[in-house]
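Order of writing sets the labels: A, B, C and D. Residues in every chain begin at 1.
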Amino acid sequence: MFSETVQAEGHLIDSDILTKIFDIIIACESTYEVLEFQIGKTNDEVSRILLSVNSKSKESLEQALGDLLLLGCRPIEENDAHLKPAEKNACVPDDFYSTTNHRTTVRHQGQWLTASAQRMDAVICIENGQAICRKLRDVKKGDSIVCGHEGIRVMPEFKERDRMGFAFMSNEISSERRVETSVKKIAEMMRQIKKEKGKIVFVSGPVVIHTGGSIYLSQLIKSGYVSALLSGNALAVHDIENALFGTSLGVDLEHGLPIHEGHKNHMRAINTINRAGSIPEAVKQGILKSGVMHDCVKANIPFILAGSIRDDGPLPETLMDLVQAQDQYAKHLQDAHMVICLSSMLHSIAVGNMLPSWVKTVCVDINPAVVTKLSDRGSAQAIGIVTDVGLFVNMLARELAN
Amino acid sequence: MFSETVQAEGHLIDSDILTKIFDIIIACESTYEVLEFQIGKTNDEVSRILLSVNSKSKESLEQALGDLLLLGCRPIEENDAHLKPAEKNACVPDDFYSTTNHRTTVRHQGQWLTASAQRMDAVICIENGQAICRKLRDVKKGDSIVCGHEGIRVMPEFKERDRMGFAFMSNEISSERRVETSVKKIAEMMRQIKKEKGKIVFVSGPVVIHTGGSIYLSQLIKSGYVSALLSGNALAVHDIENALFGTSLGVDLEHGLPIHEGHKNHMRAINTINRAGSIPEAVKQGILKSGVMHDCVKANIPFILAGSIRDDGPLPETLMDLVQAQDQYAKHLQDAHMVICLSSMLHSIAVGNMLPSWVKTVCVDINPAVVTKLSDRGSAQAIGIVTDVGLFVNMLARELAN
Amino acid sequence: MFSETVQAEGHLIDSDILTKIFDIIIACESTYEVLEFQIGKTNDEVSRILLSVNSKSKESLEQALGDLLLLGCRPIEENDAHLKPAEKNACVPDDFYSTTNHRTTVRHQGQWLTASAQRMDAVICIENGQAICRKLRDVKKGDSIVCGHEGIRVMPEFKERDRMGFAFMSNEISSERRVETSVKKIAEMMRQIKKEKGKIVFVSGPVVIHTGGSIYLSQLIKSGYVSALLSGNALAVHDIENALFGTSLGVDLEHGLPIHEGHKNHMRAINTINRAGSIPEAVKQGILKSGVMHDCVKANIPFILAGSIRDDGPLPETLMDLVQAQDQYAKHLQDAHMVICLSSMLHSIAVGNMLPSWVKTVCVDINPAVVTKLSDRGSAQAIGIVTDVGLFVNMLARELAN
Amino acid sequence: MFSETVQAEGHLIDSDILTKIFDIIIACESTYEVLEFQIGKTNDEVSRILLSVNSKSKESLEQALGDLLLLGCRPIEENDAHLKPAEKNACVPDDFYSTTNHRTTVRHQGQWLTASAQRMDAVICIENGQAICRKLRDVKKGDSIVCGHEGIRVMPEFKERDRMGFAFMSNEISSERRVETSVKKIAEMMRQIKKEKGKIVFVSGPVVIHTGGSIYLSQLIKSGYVSALLSGNALAVHDIENALFGTSLGVDLEHGLPIHEGHKNHMRAINTINRAGSIPEAVKQGILKSGVMHDCVKANIPFILAGSIRDDGPLPETLMDLVQAQDQYAKHLQDAHMVICLSSMLHSIAVGNMLPSWVKTVCVDINPAVVTKLSDRGSAQAIGIVTDVGLFVNMLARELAN
């Protein structure tokens, strides 16, 4: 029989964490005995648990401890984290510690270091007395990699923090909800964040343009609610197509009718920008006079256009090297207070992977599966709103204009 | 070789009818020869075709002629329709003519009679020199039933009628459309119909309430844009729940939070109406003071609540006898100029079955499959809008208030 | 300050019940103090809690107690339930107790009575020393109705019961799952239930026929895996259409092509059954020779066809009086061990309302929203499988034939 | 009044082309007069039309002619195409001709040249007496670009070609179809193409792995039905994760349960391949012993993994430079006879953009919107099948093994 004693504290019950702790132990074919348990007697008090985990094999025990770690359980005996050198570039020892999006500290030389650049699916390197989350591909031979489970503490977000506000909205994802209510709450948070000079990053797919959200997204940009826009080639192409020719995907946005040679307009838009040399140049030369891209340039809002395999063109600004695109996305997400994802599963999941779990994240899509998927992939903090994205942006801009 | 010569005229090309004519002949393992064809030389001119259909078996020919009939092709030789007596109640001869939703005339004693109460999946009875569409279940033993294919003319709707307006909207069903554009067009039609004292029937599911559309639907009722409301038990229950307790399905519509004992509120709503005796009584007694049902009662707008197998309660007004419910639906759809279906596949398909093809029909749902399904079931005239129904009603009421 | 002390025991943590208890108290604007808490030290041991609930108003306290009751919390002081007479037919006092689908006992004259016919959204009547769940519409003036919160105990299902089996499957609803795995588990349960002479009820929409599931559902019927079939008019019509003409909704199931005059086949099917007088008569007369309906008749499996507002026909067996249909559904669901719902939101929710929470329920649909909705409506025990229902029935029949 | 006379011939009616011709003229605010029309008298005969298009402005006429060109209408007077030099790299004159996916010929020095590398959204360059479709980004300064509408002929696919076979399947996209029927037809075509040593390219998303399709896709590879596999990083990662650890996205595929530390397995898989140096190396070293990637390596089937903004890792083979990825995709699609797209909107649309319209394309997804979208984007030849992709591949492999 192999066993180890672990402890945890926090709002263990409010956040279903205790349930998950027991589930994991059973799933790892182990048993538990609760040695001590102090329940938070009131809503403000935290709970504390001390329990012994017992397994028939060393392997099962290791598995259980590894998973329990992610829920905030740590061995009672404190040790430094194990460090092993990366054997070659982009390659680490097999027992490397793979990060979640939760705040993590690592014990090094008796000190608890908070990992910087927290994100999921990274490794942790110790470098110059600092703990850093690093993507596997950025690991260099010889980097000091945190391995095993010792000397690591993970602090899951406790739902309790703003019980009746943001967290509660996340209960159910359904198209049968009153979106006006959510719009009001989100607008309120945005106002608050803007007031405190915080950062609100928008992530958006081209559907915002097709559904007529363009002018409302522009309003948000102009009113200072957008700190950065993360998107792809298609949003920019269709926005510029719309600004130049009044169409999106060849459909006249004003009348809803497909128009003559409309299929060609997006290629004409790309060609026009190529001629000017870049989007800012086209704005400067007076060729591009309106639209989301125009307004970003005018308001000096950074926009990052990540390339994709289905892109036409691409526009000069589109980053077809995805390593570069991911790095730019990550850079602009740093210190974000809120991220609003509009109708783009691809870019939303990309951003979800990069964000720490304490960043307020809203995901709007007409397809409930997109919204569910983001949560399933680990971005459990994301609030899903199932609605028409064009009308959503319309309502949001109107609410913020009041 | 069996063959017959048929003719057709109209906007055969604009409406893809010619394509379908040829498709059917091939599908019936037959061949065709075009004997004469006059193309409409301009947009206003109709086309005319005379073609011979040739089959190896009498059965194939009969099949082809039966299907061609529905596209407006008729034998050149005019004969009276065959009439046979219904052998018993709700039972007709095997070769009965089954109606479509298109305008149909029947030749009887040398006269072409226009069938009344046109709808799909009915039989045609000749009674007192009149042709009447009758549901199978309403057929009585001895009724004179139109059988075979002779002496019948079907006039499919030609898309051309308002080319650039209503018809064009129906091109594609997609969530990637600008709903504001559609809302404007629909509002315009509604204004026109109201001005001409025409009839606009709303068909609605409970999602309108859950998504916060209640007050906007009420606005439409109060401003005279709703001639009748066809729905089910659930819409009324959740509307009354909302009016009495501020919740819908136990969720507080103002704050979006599930509330204490909310699961019980819909039962309390039913109980309250049961105590008053009926919805109008509850209005009269000052118990029910707001909401869609209240406003229907106040504005004297008829509402029909059809029962369903999943109903709780039901409310006193809910028709749990579906034969009665279908008859009431059909009665209130008579002479409708426009039907707007909001988020209810069940009631929308029911209504689609009852409507002639010349009634403007709009179907709004967040699920594109619902919208597609209505078309697939024969209501090809229905325009589908894929969006959030709560926001749609909000925009529509706002547009009509301008 | 108003306060009351309540207690609960069971697998409070495994089933997230403790979390919900605290959530409710906060949501009711009350506070709590945990007076005693014994945690289940191992997976088999239950937990016990004693806590005081404190509110500023009597109303808030009542609300909190009402909701806590549904999670298994009861006052420490035991009293008889309050009984009040129904004031008229289908109308009960305002503070009536509205049931959940969980096992419930009521204290009457010092005795705890287990409510029979447990289902959600009913009231509890005490009659001849027995507690009975009764639908509101079946309440008669003077019936003795359980009111308030005292003397009632609710026993929520604890997920723990078969941890690694059925319950675990329900974690996530997603189309990105391996359906073969679920099919194997379900087949295993079905074999077990059949062996123990238990009851497996199928609930099915017409999509099973359209997607080619007909012959596989027939196999299940013939092999004795179907105790009753609950459905609507459409399933029977399209099954008979397929048996008589090889089509479903006018599409040739063998070749996938829409066929000549196919639109009419479902009306011909109804007419044929009307002529025979009934489905069993059509089987007896050798007119109906195959299909799901035929095999039900041959195997003497009861089938209930509930009418709906969109029905054509209907067939002679279709119950157009929904009160009767609901009663028949409920009758055949009695003592079911497992219910399998195939592609019919309408009938699945109807059945979900009628079932106690301890009946294993599987809901299969290609639309994840249907599956989610059933859970949201209170049938939390339902396991959702998002897949093609035709292929699902195919795999299930194949697995059970092995 | 500006006017021009154009002609067209082919199966104009079967393919709705005539309808579209008239629609376009009206939409361009022009009128038409049919000067001559010869209808195809039988199914085999083509139709011919000569019509004059009349517009009030030169611009409208140009628009109409530009759009009519895409439907196969060409001016009666034959001229050489206008050539203009590209003004700089990736930038062409404003009136450049933008390609469709239909076969196109260009008149140059009195000769009609068939454009090579036909795809949509390209320009046509004349180089060394040859017409070549070239992506805008590949255009070099001074390239000879086809501009305007003269001297260009487009040959739309006529649906008629295999009326009762492939084309007919495309009628409706719905989840309410019998997938077994489609599987049989597709299997038949695949057998035929393999027999003729034709090329079948598979395009696949990771859902094939999550839904358990892995072993069936492997069977198809081993039996020689897959000429190339176009996918992304995720398919390979989850396939290798499954091969090494038995999980996909951390879910145990055999038992359907999420497993201990499963979230980390995909990172472990990437790390393992990074250590080996490449996928083929991992196969060679005996580390990777099964799965789709393994079987591709063993069978020497090329696989292209395009990077995306949401990728973890990536694997050494993943092309993070999308220009390179698109070029590789295009290379392997050359001369494909059939393309089967499994559950990946991103890669399917990418491939749709690259394919000429005469390549048989099948798109399988559980979400009908994905299937519809591919068609809407111009890949009208794509046949959509709405079903569970894991079960689909299972059925297809089984059918082909018979």
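The rule is simple: contacts are C-beta pairs under 8 Å (C-beta built on N, C-alpha and C of every residue); 3 or more make two chains touch, one makes a residue touch a chain.
Note that the coordinates shown come from a computational prediction; the quantities given were computed from them, not determined experimentally.
Engineer: Which chain has its C-alpha centroid farthest away from the centroid of chain D?
Structural biologist: Of all chains, C has its centre farthest from that of chain D.
Engineer: Using the touch rule from the top, work out which pair, A-C or A-D, shares more C-beta pairs.
Structural biologist: Taking the two pairs in turn, the one with more contacts turns out to be A-D.
Engineer: Where the centres are mean C-alpha positions, what is the separation of chain A from chain C, in Å?
Structural biologist: 38
Engineer: Could you put a whole-Å number on the gap between the CA centroids of chain A and chain B?
Structural biologist: Their C-alpha centroids are separated by 45 Å.
Engineer: Can you work out the whole-Å distance between the CA centroids of chain A and chain D?
Structural biologist: 32
Engineer: Could you pull out the residues of chain D that touch at least 2 other chains?
Structural biologist: 27, 164, 175-176, 257-258, 367, 369
Engineer: Can you name the residues of chain A that touch chain D in the complex?
Structural biologist: For this pair, the touching residues of chain A are 24, 27-28, 63-64, 66-67, 87-88, 90-92, 94, 96, 98, 100, 121, 136-137, 232, 257-261, 263-264, 266-268, 270-272, 274-275, 306-314, 320-323, 325-326, 329, 346-347, 349-350, 353, 367, 369, 378.
Engineer: Which of the residues in chain C come into contact with chain D in the complex?
Structural biologist: 164, 168-169, 171, 175-182, 185, 207, 210-212, 249, 251, 253-258, 366-367, 386-388, 390-392, 394-395
Engineer: Which stretch or stretches of chain C touch chain A in the complex?
Structural biologist: 13-16, 18-19, 22-23, 26-27, 31-34, 37, 39-43, 49, 163-164, 172-175, 368-369, 372-373, 376
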